[in-house]
Amino acid sequence: MIRAGIVGGTGYTGVELLRILALHPEVEVSVVTSRSDVGSRVDALYPSLRGAIDTVFSAPDVETLSACDLVFFATPNGTAMLMAQQLLAYGVKIIDLSADFRLKDALEWQHWYGMEHACPTLIAEAVYGLPETHRESIKTARLVANPGCYPTAVQLGFLPLLEKGLIDPHHLIADVKSGVSGAGRKAEMATLMSETGESFKAYGVAGHRHLPEIRQQLALTAKQSVGLTFVPHLVPMIRGIHATLYARLTGDVGSLQTLFEQKYADEVFVDVLPANSHPDTRNVRGSNNCHISIHQPQGQDTVVILSVIDNLVKGAAGQAVHNMNLMFGLPEHTGLNTVALYP
Amino acid sequence: MIRAGIVGGTGYTGVELLRILALHPEVEVSVVTSRSDVGSRVDALYPSLRGAIDTVFSAPDVETLSACDLVFFATPNGTAMLMAQQLLAYGVKIIDLSADFRLKDALEWQHWYGMEHACPTLIAEAVYGLPETHRESIKTARLVANPGCYPTAVQLGFLPLLEKGLIDPHHLIADVKSGVSGAGRKAEMATLMSETGESFKAYGVAGHRHLPEIRQQLALTAKQSVGLTFVPHLVPMIRGIHATLYARLTGDVGSLQTLFEQKYADEVFVDVLPANSHPDTRNVRGSNNCHISIHQPQGQDTVVILSVIDNLVKGAAGQAVHNMNLMFGLPEHTGLNTVALYP
Amino acid sequence: MIRAGIVGGTGYTGVELLRILALHPEVEVSVVTSRSDVGSRVDALYPSLRGAIDTVFSAPDVETLSACDLVFFATPNGTAMLMAQQLLAYGVKIIDLSADFRLKDALEWQHWYGMEHACPTLIAEAVYGLPETHRESIKTARLVANPGCYPTAVQLGFLPLLEKGLIDPHHLIADVKSGVSGAGRKAEMATLMSETGESFKAYGVAGHRHLPEIRQQLALTAKQSVGLTFVPHLVPMIRGIHATLYARLTGDVGSLQTLFEQKYADEVFVDVLPANSHPDTRNVRGSNNCHISIHQPQGQDTVVILSVIDNLVKGAAGQAVHNMNLMFGLPEHTGLNTVALYP
Amino acid sequence: MIRAGIVGGTGYTGVELLRILALHPEVEVSVVTSRSDVGSRVDALYPSLRGAIDTVFSAPDVETLSACDLVFFATPNGTAMLMAQQLLAYGVKIIDLSADFRLKDALEWQHWYGMEHACPTLIAEAVYGLPETHRESIKTARLVANPGCYPTAVQLGFLPLLEKGLIDPHHLIADVKSGVSGAGRKAEMATLMSETGESFKAYGVAGHRHLPEIRQQLALTAKQSVGLTFVPHLVPMIRGIHATLYARLTGDVGSLQTLFEQKYADEVFVDVLPANSHPDTRNVRGSNNCHISIHQPQGQDTVVILSVIDNLVKGAAGQAVHNMNLMFGLPEHTGLNTVALYP
């Protein structure tokens, strides 16, 4: 049994980790921390976990966590980088669901996240935790930077085309839509139901923190820098991300459908739908799957890729557990073979 | 492995059965029927099941189904009663999720369902499938009548008080609210999102089909006929039932909290929340749990019981699987230990 | 033209007042205050008002407001009672949409609102602003206490029966459901869309602040104290209140339908639906109407009244404008003859 | 008073026309037709109209309609083209909210709408009813083809750039999102709340009927044929369209903000938001406004335009009334100066 700890167990990614780990056959959740709820039962805060988790919140101190084999950080940005060094010294592996170790350039990190990076020495070691691109490195990693939700959906859509050099990498467009749980569990006016229900809007068009992350990772695949216009939107629903991706084809590319099917044939959690499909976020709700379809409308030179995930699962907690499975040599789908909750 | 068949696999209770059974360790779904989709893959209609179910729809004929150990009817009312006799003759056990065998009086059934009962001889044998009241009979039943969603939530709330004779049985009030999936997967104007979204209303106040079912079962518990005012409402959400129950206390009753806790202490799926709680339907979404709390506002003689379930799980498919587990001697929670999907 | 001021123009009742007053032919909105937004244009905060309101927020000081003919308080509880005396001295009329002057007993007010009443001397003078019961007093009032949203829906439902003495006043039940805008525009975790969307729950069963208000007003009608069980619920929608009311009939009452139709025949904003109807909150969304229907299920002695309003209009801002029309001798429907926004 | 008739008064655009016309000071709704509801009161079907409309549905025959000054067709495609010739002969003006007269090429119409055009001789005369581009022709038109909802939002966003030749017209991208009321009031499985609630998807990527309409109109502005990738999506809300438009700038364009502000300075219903804004569909809900903002993220050569409307108002009924005002010489905002319903 893997003894797992969760730092920051009171946000949506934290409770989603608990939902998944409670049924994971090889994991025992031994520590869940919350600065504000020390001593309370986790299921008193989250009645959805009654009968599944009987842990009590403890304070987020390194000593307690050092007894774990693995610690998940489901914290706001800026916390994991303060504790990572010490935990690694204890031999504890780390999966950071925040953004602290996603960007390889500490200055760019500072620019987008508005604070100095507290642990730049670990940035190089941290492995970007998208199994579809970094599987082998993840298996031996001590520190995994779990990808952002938008970056996961966007990368899986562009990858097959970029790595074959079939599209113009300088003018990629990602029009992405997210449910409101992506904004987290914080007392904020902007995500009240009266503000977000029955309405739709874009936000952060001038620049969203996930932009540099996506650019960095797509450039690795493209083996050159990429140009990306990234427009996130807020959808009046709780879970789900839908990426609508546009790119210019740069020549005769053969069957896009076949290209995508072959690329993802062996991937457990990426599912290329039949030709002419439209993936729907409901069909991956609560599951770790990414559903993808490819279109070339009217045979023009603009390709359209549709890619959907559950932002809290494949976009956060599920991908983290997938990474854990890889790091501990377990079958990849262990604890993750749930079926989406439809309707 | 139990070979299970599902008749009517295209409605919401059918797809919910598939979601649960796909992960049930002791069940193999061998037949799924649909008159209109014979030959199509189930997961072509329901992409949420991709990777979990690879069955193809077959026609609903008795011979095909006779190879099953158990057949679930997830059909409209009036179908199970046409096939039950023959299937039983083949030694196939039946769990009927429709209303065909819920009422013990064939004439009353005819009154509420608007057609003659095609199989009155089996009515007496059919066991009402609420494990909390009929556990022992279910274990040996050949034919189980799975309860309605409203009746499940209402009965679990009133039972502890009625069986002790602590409330006036002649003036019970059940103000119950349901998500729209309870209306089923049918092309109807009334359940379009434009009609039901962002709105709330009561319906069927003059008389709803679940009224005689609830009255019949409460009378069994109360050992006398009961008077019930039952008002169902439609909530702009997909899953969930919230029953708010009112009754007049008939004397000093001691601690209601203790009474409920003791009554359900050994029940796997009924969870009495701590005193002063308000159950929330989200905390049982996708799970087979019923969350209950009891209140006596301002110490008056009116008791208020709050009881919530997921209408498609504890109110339909999950309860059916619970019944199956009992009929086949499996631990009750087998395949049903999922955690609610929050948020 | 009536020069109107709004204190607390940044909450939902404030912006709803602005929506209505912007098109009111006899009103000029001359002052809108907001402690936190002084100097900003109102339509910069609320783009829905672009083109309709060009006012700039000012500070809430008495001198500025003294130039108004009428001031609406759309503030949290505890603010109006600090300024009312001074404004009245200036000859300014007041409509308070908060709870400061609703309860006639200062001690009870203190009990429920958790602070001492700052202006008990005005409590007696304040007129309860439900036009259907206090029309004549409102016409000559200097200070009107605008009713709460729940109390409005509940009173209009019970009134015709209570004033005729046709129901048992000691065991009234009000099972009431509200959209989330009733919780106001405040940064709170509990009303995030991820917390309230796709879910349903009761709250405040032990005692809600609107309980004493309803009891006080129903007692006036019944000419005796009343017993009331009041259970509010939160509906995953933005606007709307649906009250489902239960009472025991105390004798032969004749046609309930006729009773209600006659009672409200001359009321501009109370609309008794045809027999066997179920009012739907969407049909009053954005309008000042109350739709009511009456049922006596199965001819039993329990009567069921369904009463729906838009909590921000008839339950707040619309009713306030109705009161203003009465106070200034305008036709009652002036500025309020909008049609509900369906779908 | 303009005597107005509405053919097809039972769909969402029909009831929205009634909502607007009921308060229009210069219009009397004299005929509302519905094949299926002849003889019923309109407000029996739509209780939201109680007190505002007392008309009874009549059969859609030409003679009855010939007494009108103007007839609105709020019918499915294929109906207006059967009656237009006769009504015009009676001197009745026509505004067709369906697609019958939008495309100038009868063969292309046949291709996209799957039936032969019954009245090709009127196609040339029909004026495309987007006031911002065809104001003068509309004023003298007998027959106006009211634009589709998507085309309205997309055209208003691209117009200022296309007419100045500032963007590459061959690779325009319109990623557009619509609430479900756009699908109409029809008994269909796909738009049930259980199917569309809490979910997001694209549809019709291979080709949507609004594509040729948008291309045709943009080509008029660009004075050359245009290339357009158009991807519509379904949002889990009732009203609202959000168009996110992408184009490649073809040189130094100066201030895009100023360009848009000047273009729309005199338009009553097009409102260019301040720089760096993100329009939100809720801020135009129920109003005839279009809110637009322009972005050039990271100073790259890709411009992003955000354009939102209420699909039933500016995208259908409101625009039709705007056209009527033009055709009858009324001030453009008559009957349309409503404020959006927020929250």
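Here are a few things to note about the model shown:
For clarity, chains are labelled A, B, C and D in written order, and residue numbers in each chain start from 1.
Definition applied: a residue touches a chain if its C-beta (ideal position, glycine included) is under 8 Å from a C-beta of that chain, and two chains touch if they have at least 3 such contacts.
Please read these numbers as outputs of a predicted model, since none were measured by experiment.
With contact taken as defined at the outset, chain B and chain D are each touched by A, C. Between the chain pairs C-D and A-D, more C-beta pairs are in contact across A-D.
Between chain C and chain D the centroid-to-centroid distance comes to 36 Å (mean Cα coordinates, whole Å). Averaged C-alpha coordinates give centres for chain A and chain D that are 39 Å from one another. Counting partner chains per residue, chain A shows two or more touched chains at residues 12, 181, 185, 194-195, 197-198, 236-239, 279-280, 282, 285, 343. Within the complex formed with chain D, the residues of chain C that make contact are 12, 15, 18-19, 22-23, 44, 46-52, 181, 185, 197-198, 238-239, 271, 273, 277, 279-280, 282-287, 289, 291, 337-343.
Considering their complex, residues 171, 173, 175, 177, 179, 194-195, 197-203, 205-207, 227, 229-231, 233, 235-240, 242, 244, 246, 248, 276, 278-282, 285, 295, 297-298, 300, 302, 304, 306, 308, 343 of chain D touch chain A. By the touch criterion stated above, chain D contacts chain B in their complex at residues 12, 180-181, 183, 185-189, 191-198, 236-238.
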